[in-house]
Amino acid sequence: MADDELTIASKSFGSRLMVGTGKYGSPEACVAALDASGAEIVTVAIRRLDLDNPQARTELDYIDWQRYTILPNTAGCKTAEEAVFTARLARELTGSSWLKLEVIPDPRYLLPDPIGTLQAAETLVKEGFVVLPYIHADPVLARHLEEAGCATVMPLGSPIGSGRGIFTLEEVQIIIENAGVPVIVDAGLGAPSDAALALEVGADAVLVNSAIARAKDPALMAESFRLGVEAGRKAFRAGRIERKTEASATSPVEGITSMSTRG
Amino acid sequence: MADDELTIASKSFGSRLMVGTGKYGSPEACVAALDASGAEIVTVAIRRLDLDNPQARTELDYIDWQRYTILPNTAGCKTAEEAVFTARLARELTGSSWLKLEVIPDPRYLLPDPIGTLQAAETLVKEGFVVLPYIHADPVLARHLEEAGCATVMPLGSPIGSGRGIFTLEEVQIIIENAGVPVIVDAGLGAPSDAALALEVGADAVLVNSAIARAKDPALMAESFRLGVEAGRKAFRAGRIERKTEASATSPVEGITSMSTRG
Amino acid sequence: MADDELTIASKSFGSRLMVGTGKYGSPEACVAALDASGAEIVTVAIRRLDLDNPQARTELDYIDWQRYTILPNTAGCKTAEEAVFTARLARELTGSSWLKLEVIPDPRYLLPDPIGTLQAAETLVKEGFVVLPYIHADPVLARHLEEAGCATVMPLGSPIGSGRGIFTLEEVQIIIENAGVPVIVDAGLGAPSDAALALEVGADAVLVNSAIARAKDPALMAESFRLGVEAGRKAFRAGRIERKTEASATSPVEGITSMSTRG
Amino acid sequence: MADDELTIASKSFGSRLMVGTGKYGSPEACVAALDASGAEIVTVAIRRLDLDNPQARTELDYIDWQRYTILPNTAGCKTAEEAVFTARLARELTGSSWLKLEVIPDPRYLLPDPIGTLQAAETLVKEGFVVLPYIHADPVLARHLEEAGCATVMPLGSPIGSGRGIFTLEEVQIIIENAGVPVIVDAGLGAPSDAALALEVGADAVLVNSAIARAKDPALMAESFRLGVEAGRKAFRAGRIERKTEASATSPVEGITSMSTRG
Amino acid sequence: MNAGAITLTLNGKARALPGELTLPELLTTLGVDRRLIAIAVNGEIVARDRYESVALRDGDSVEVVRMVGGG
Amino acid sequence: MNAGAITLTLNGKARALPGELTLPELLTTLGVDRRLIAIAVNGEIVARDRYESVALRDGDSVEVVRMVGGG
Amino acid sequence: MNAGAITLTLNGKARALPGELTLPELLTTLGVDRRLIAIAVNGEIVARDRYESVALRDGDSVEVVRMVGGG
Amino acid sequence: MNAGAITLTLNGKARALPGELTLPELLTTLGVDRRLIAIAVNGEIVARDRYESVALRDGDSVEVVRMVGGG
């Protein structure tokens, strides 16, 4: 399906499933899941090096980074200023200007700040970053971020790690209807049916972390999501049937046999 | 995944997607969709031959029946008696005793009759049929049918052809919890996310017709459903995360950097 | 609203809220809740008298039965035969032939048996009972029961005592569309919004027990349900607006002022 | 229930239903509906006087304004600047500084602009307005507006006039959990069950216009909403039962009679 | 009535009694207020106005039920 | 077979035929390929290998069915 | 006031008037009941008690608004 | 470099060092592989190719970050 690529900031991808690298039980589980997911874009976080143990390896040391476009995030940043600072460190670290922007003041539901996110996005776009902002599924905010030059918008389905699926489906559909940049549903997806649904309604991609990393079998779940995303995308292209209130027979209504006896 | 087969009446299948053959725009579309679906069990209806045109070909003449387990239905039968009669004709026709039992008195929503379905099932099981009854998602009825010797139960997701998905999800889950025979969600599925969801909650298979046959591109939609079913089944086996009310960070909450200036 | 009465078996009622008498914390709580509910039809169960303590009073001894139409149920009966036996005892006890028929083989979800319920209903109708059967929200079964002479049908919203609301809404709406007898949504309602919704879509009444009896303040919750039922009924009569995908301004779109400065 | 008043900006109200005055079929229908609603706070829009017909009366001339707290809105304003201008006109007109702030750039779904709304709110609070901002159900934005000194937050249930109910229920619940000012669900409510639900989950009030004005019988629908709001509020105070997966019998599980025959 | 001791099954439990007795006698013995109950003997409902005519014999099964709170 | 004209009900429609005939003769007359059909006569299914033994008489009702697309 | 003809923008439409005039004079000319309106001149709200002090000149923009039904 | 003992804030914790030093010297002291990190000094990011030019003085705050798993 070379004719159905996802393009973000002029870079094209065959996969519409992005995955995170947090919360795996082991580095091996992480590597196996990334492999099974078919993902080409992989998120990471930026954290202080443990100076008491600076040689410690992490799951990331096991990943073959030649295979992936690395997407550092600004998770943990509560303000625009902190996010801009972390973004600059991330660019220095990765040598890439791609950034998943997160400005999250709320520790309980980890919901993003529309004001701070827009401020940080404006700054970072000017500094040449390719900004993929994590946002509430607010169509007007999405429009502001697009106008600010963001490469995508990443509306949330439900709170990060909650596995509740897309409780913002209606809003996400409005965002998709209006968007001129790719729409990536991020956060809260719990199972491949959620991912398929996002793609079916026209989302360009999804980002999944907890649902894979915390599944009993992460690699198998990663494969499930890969299949679910492909299913949803193909269904979107195949043109689903309308929903109808009443039934519509699938077998012919004419020519039904009858056990008629002698006349 | 040879270790994850679906077994119905001692016969094993690699695919958990069954498809119908009704309502396609052309025989070619039907054949292409069956092929793309990966299905191994295919439903057909029994209708009077047009005696004014007895040589007329139908879509079914284009299908390579060596590849499929044929599953005739009793669509159009309003009573147990009619269904039993049609079942016997179907067995004579196909040489197989597999039967999708439908007893449907209601023309508007095409909802099945619990009483008539159970009566017909009891008769047909005694006559040696392998009975797969289409039923309302009524867990107690499902239990009766299993006790009557049915090979599966096929609870409906929503009205036939409506594309509304599984509005009986709660009941289907109770059926699955109690069932000793395969549970196949039949009717109303509109998109692969619906199919994936059915499998994720533990359904053994799904049967899809309208959503494929009436899609803009039936073969591509058939492939979507194949992927969605695989996704859902693998997710079921991979063990999905629990749904939580609150968020749960995917990036570490410790070690967040700070733009501290000179002390 | 004397012109909007509920009529069951030729008896008219001003209230569309029926309440149960089980599970209250105290007899006083039960009496207060019944009073606040405005209910005119009240359900009771039939149980063995404790022969070791035959004078013991129960909550029912505190109720002024002159005010209510008593509706004994057959809760606890697993078969049609048991239900018929209990029904006869109930009629002997109450002097009334009204009966809430329950045939429930499943102890976990307390879901009714369609086959046994229909059998018992047929017997009881012949014996002159006014039968109000508790059923799964199966439209074809509802039709059978109506044809058998039942005075109402009582489809379940969700499992008894679960407080999950009406997860059978779609099916209940089909039952309402087809029914020639009152449709009473029974079981699972958790809050007045659930009751209002049932009435809004055209249900004739609801029956509530656990949601009132187990609320922190049963009398206040009973009043809430009374109001919710009235709200729902009046809304049904008032003719609600259609649901639309897009917005529709409530303030005029013309004549918007402008802060125009000198031309 | 004098002890359960709604207090906004130190002013107390017995009713938790606010109503709009737009879209009625006639002035009489508007007056009758306001009366039946029991509302104490009533919204109006600000529009240019028709200078070709400056004496023309509108529905508002029929309303007894002594009875209501008037709440002018800034509907039609696409930017913060326009909203501030309209707000000042509104204050001059009404002699009151209460304002329902709307900054809505999108004509199709009439969704509010988080950035513009916050800017306008900050300005208007400084000018002494009592600001009730209409917002997307974004908990972090709600927090910003509260910190900016708004008197309430008014998250939307679904698009204005759509009648789709509260598809933002999850987000609204998070807003309620965090809010230090009254939370008023505004827009999209279609029936009293929607209003009851909002109050049940802890919203302080709702604002309804289209669902009343465009009902077949607006006055009866207004009464329905009044009852639904009371039902929901009382249920909130009465403490609803938890939702449970399984059933819980309402009739005793002990003492079930048996049709035992001679031993 | 007959002098021999009998055993009845009352609400599912065996109960020894000194001899055969009528239903009203049983109710009196048990201290049961007959206005609030219904009775079945050996699986057959006994109408309230027919209690007097029912003589209970050894092995009979008697169900005595009342109304309780229920939903 | 018998020379008198008969009327059969074929798939619900009356059809006049010159005289009594066997089931295979009817199928030939109708131009029906017997491999793709099943048949009931007067409400009874006729097994494929018993067609030859079935003689059709005036007033008989014959159902000839085939498979079609269905769900 | 001044004798020269002027043009005002009233609620977005140009309107020719014989000469400069005060706001109250304009309202009288238009037949507007000042109790039910609010006014902005050149984008600035004019308080009700200051109408008398406002003289309108050629090119001025005047907004006259009222309350209408709204949600 | 200068001989006086200094205190730096390294990733938020105070650390005493014998004297002023360059950034590369600090990294060597800490045993940090500079290929896997990024550094900010006093809130300003230091490009990898400019480490040599940065001299750390008493009171400086240094952040040393790396990539970790995240979503």
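Order as written gives the chain letters A, B, C, D, E, F, G and H; numbering starts at 1 within each chain.
Throughout what follows, contacts are C-beta pairs under 8 Å (C-beta built on N, C-alpha and C of every residue); 3 or more make two chains touch, one makes a residue touch a chain.
Only a predicted model underlies this, so the values are computations on that prediction, with no experimental measurement involved.
Shared contact partners of chain C and chain H, listed by label: B. Between chain C and chain G, the centres computed from C-alpha atoms are 63 Å apart.
Work out the mean CA point of chain B and of chain G, and you get 72 Å between them.
For this pair, chain C with chain F, the centres built from the Cα atoms lie 55 Å apart.
Looking at chain G, one finds that residues 11-12, 40, 43, 63, 65, 68-71 touch two or more other chains. Shown for chain A are the residues in touch with two or more other chains, namely 20, 22-23, 45-48, 73, 75, 85, 89, 109, 111, 160-161, 164, 209-210, 213, 249-252, 255, 257-259.
Listed by chain label, the pairs that touch are A-B, A-D, A-F, A-H, B-C, B-F, B-H, C-D, C-E, C-G, D-E, D-G.
Those residues of chain A that touch chain H in the complex are listed here as 20-24, 30, 43-49, 51, 54-55, 58-60, 70, 72-73, 75, 85, 88-90, 92-94, 160-161, 207, 209-210, 213.
Within the complex, the chain D residues that touch chain C are 20, 22-23, 45-48, 50, 73, 75-77, 81-82, 85-86, 89, 108-111, 159-164, 190-194, 196-197, 200, 209-211, 213-218, 220-221, 223-228, 230-232, 234-235, 237-259. On the side of chain G, the complex with chain C involves touching residues 9, 11-12, 40, 42-43, 59-61, 63, 65, 68-71. Of all residues in chain H, those touching chain A in their complex are 10-13, 30-33, 36-40, 43, 45-48, 63-71. Contacts from chain A toward chain D in the complex involve residues 105-106, 109, 111-115, 118, 136, 138-141, 143-144, 158, 164, 167-171, 174, 178.
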